[in-house]
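Structure, as structure tokens:
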Amino acid sequence: MMSLISIAGLSVRFATRSECVRAVDTVDLEIARGDHLALIGESGCGKTVLGMAVMGLLPENALIRGTIRYRERDLLQAEDAEMQRIRGKEIAMIMQNTASSLNPVIPVGIQVSEPILLHRILPAKAVQAEAIRLLGAMGFDLPERAACRYPHEFSGGMQERILVAIALACRPDIVIADEPTSGLDAEVKSQILHLIKKQMADRTLLLITHDLGTARFLCTRVAVMYAGEIVEEGPAHDLLSLPLHPYTQGLLASLPSAGLHPIPGMSPSPSHLPDGCRFCSRCPSATARCSTEHPRMSVRGARRVRCFHYA
Amino acid sequence: MLELSSVMKYYEKGFFRRHRTTAIDNVSLSVRKGETLGLVGESGSGKTTLGRIALRLIEPSSGMVRFDGIKVTTLSRSALRQLRPRMQIVFQDPDTALNPRMTVHDCVAEPLTIWHLAGPREIEDRIPELLELVGLQPDLAARFPFEISGGQKQRVALARVLALNPEFIVADEPTAALDLSVQAQILGLLKDIQQKRNLTLLFISHDLQVIEKMSDTIAVMHAGKIVERGRTPEIFSNPQNPYTARLVAAARASEAWFGKNPR
Amino acid sequence: MSRKMILRVSVAVLCVYFVIAICAPLFTPFGPAEISGKPLQPPGNDHLLGTNDLGQDIFCQLVYGARITLLFGFCSALLSVLISTTVGIVIGYYGGFVDEFVSRCIDILVPIPMFPLLIVLTAFFSPGVLQISLLMGVLGSIHGIRIIRSQVLSLAQTSFVEGARAIGASDFHIMSRHILPNVMPVVMVKFVSQSQHLLVMGVGLSFIGLWDTTTVDWGTMIQNSYSSGGMALGLWWWLLPPGIAVIGISLALAMIGYSFEEKFNPRVGVNRI
């Protein structure tokens, strides 16, 4: 299958006054056209940084290495102007925090129209109608009314829908969704997930989340990140029902439905990463080799694992 | 141990108090000593407010709260303060639950110094004890909250609460802001401590699966009312109220995605 | 110039001012009111900054004047901050009627410009430096009360304050151990800006001659040189030094306040993940 986005050897470091934070470390990832890939991991594992790297939204003090190939271009080498053209139009992002992602003093309709106007997709007159149509498609009952209201007048679920509308405004090929259902109630979460699933039917999706259920529902492929690396990757159904990497196994076992078995210890700080396998100190099947040598990715059919037990 | 009778809470807005929103609508509940009551509901259902009313951190508009036979709602401020060490709360967001300018040591020592439970030298002994009880290394005591992780902060909050040896703890969504694997750790710790000290627990959450694993009895809250109440296995096998049934179905559905036992 | 450098330079400048003011006798060969030389002498060997129309040494006047001006400025700022912190914390924490009442009073008082009010009051009552200092402290605290109160309001809603209450801490304990330390950054910034503000205002008041015109401080120095023809005659050594001194300390304080505001940002971590 042709790869739409090809991430090779991506490393992102942040230099602070006292230390060097290795947020993402040598990540290789292929996203094919039409893929729905979930990037799973806990806070601090680097998944959001990875998403931001693809969008070119990392801050000035980020030291980035590697390549992100998209349509014959390396996004990391692209000029600002080119990235601005791509952002929103070809690759769009549904941001994480509804409260801070929507401008509180601008009516919703204008915020949805903004990407359309910026990328000059439609003539100015048609933009308003398109924005209203989009809001309607997102499930707003009276989109013309909704477009005149302000974000704070809507509930969390509706705000999330607005964010989805903004992301889809220019009909991008690729959508990166960063924790689209954080903070939402069970029912609303379900509605939003169904909405996203429907809208992503003929698009490519990169879902960033820590919620295994969301990943399972929306995606066909899953990549698990831990301490800045991808430790396991494969088809969603296979990976989640038969996890290979001890971390993935531990994650699944700590679900309430599986008995709330905790993974002992804590994930390493990104500024003090251990030599050898980063999961070693918490791994029930660690060997002597694990603490000294750093495992590489091994391939097992359609799956990849970063663990000596499968080397 | 804890009993709430006909508790109501409203918030009134508007100049002549015209606009009234009912947060809690005639709720009566009780928790037996040594048991865990799971209070489940969506955001806005009033469960957080109810938890705080149980400790009288928020005043109910009407109704009565009894703790170990004592009428909490009619106590004077100073008598209420005297009662505080026996009933405690663990908050949802570990990031704001600790004073950012106090070290872990000071946070945990605070209850001891307020109530003069230990002299300065004894405090130095008790703090490592308490930290170990919640699974933290004693050398964390010199750290500030921003230097430690969410899970660790939550443990510190728990250590602080346990310093007073309470009999009753309200856990208000203690793991909602934490990662999955950390959640399992904290919940395990909570259950462990409850058994060791025979605590009575009011566990509030929106996650039914977590409640199932932590509670003996469950009360389901919706729009300020308790719509169903019963022992955990019964609620799950035979939910009477349609709202409860929906919640149970959703919980079961998401469980099914992962199979019974991934190991 | 990096921020750290600016802060260091400003603090150094401030220290220089203080040292000179405190150790005035060590630096000055003559007393401030002493007629030590011929009038209107340009800067020379005997008189570092020359003499004024009465033959008094300007440098010595500057140094002794610094004492009064600085003392005045910082003391009133200190008083102002003490009042606004205490009142702000108490009304912010307790809320209710007291809060409403005090806030309304403040709403009424805030728009009244302080300087003209001071002029009127001092003109009427001719108080001494100490009384003016007190007055300025009180008047200056008004604005600060609002700022601190709003900080306290947001703090009072936080979980850790609620947690302290749940543990059974008394109100006083909460206010002193939880609210005050978290309000300190704002208080410090306010103190620095108040110092700057009130100091300059003090110079202004003395320039207008509203207090003891016999004491030598920067305001009266400027006044004297202005009214006695210093400007007309172009005698820069008489006119400029006190003005520059005021600007210098004003800038230093402003820079310090600016750096403080930055420094008191709670977290320095780079965790953007």
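The first chain written gets the first letter, and so on, giving A, B and C; residue counts start at 1 in each chain.
Simple rule for what comes next: contacts are C-beta pairs under 8 Å (C-beta built on N, C-alpha and C of every residue); 3 or more make two chains touch, one makes a residue touch a chain.
If you're wondering where the values come from, they're calculated on a predicted model, not measured in any experiment.
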Problem set entry | Distance-maximising chain from subunit C - centres being C-alpha averages | A
For this session: Go ahead and name the chain pair joined by the largest number of contacting C-beta pairs.
Result: A-B
Problem set entry | Separation of mean Cα positions, subunit C and subunit B [Å, integer] | 48
Exercise. Distance from the CA centroid of subunit A to that of subunit B, rounded to the nearest Å?
Worked result: 32
Problem set entry | Intercentroid distance (Cα basis), subunit C paired with subunit A, Å | 52
Exercise. Which residue numbers or ranges of subunit A touch two or more of the other chains?
Worked result: 43-44
For this session: Please list all residues of subunit C that touch 2 or more other chains.
Result: 269
For this session: Could you pull out which subunit B residues touch subunit C in their complex?
Result: 55, 57, 81-82, 84-85, 88-89, 91-93, 96-102, 110-111, 114-115, 146, 157, 160-161, 164
Exercise. Which residues of subunit C touch subunit B in their complex?
Worked result: 158-160, 162-170, 173, 177-178, 181-182, 266-267, 269
Seminar exercise, completed: subunit B partner, complex, touching residues on subunit A are 42-44, 185-187, 190, 210, 212-213, 216-217, 240-243, 249-264, 266
Problem set entry | subunit A-touching residues of subunit B, taken from the complex the two chains share | 42-43, 149-152, 179-185, 187-188, 206-207, 209-210, 212-213, 246-247, 250, 254-255, 257-259, 261-263
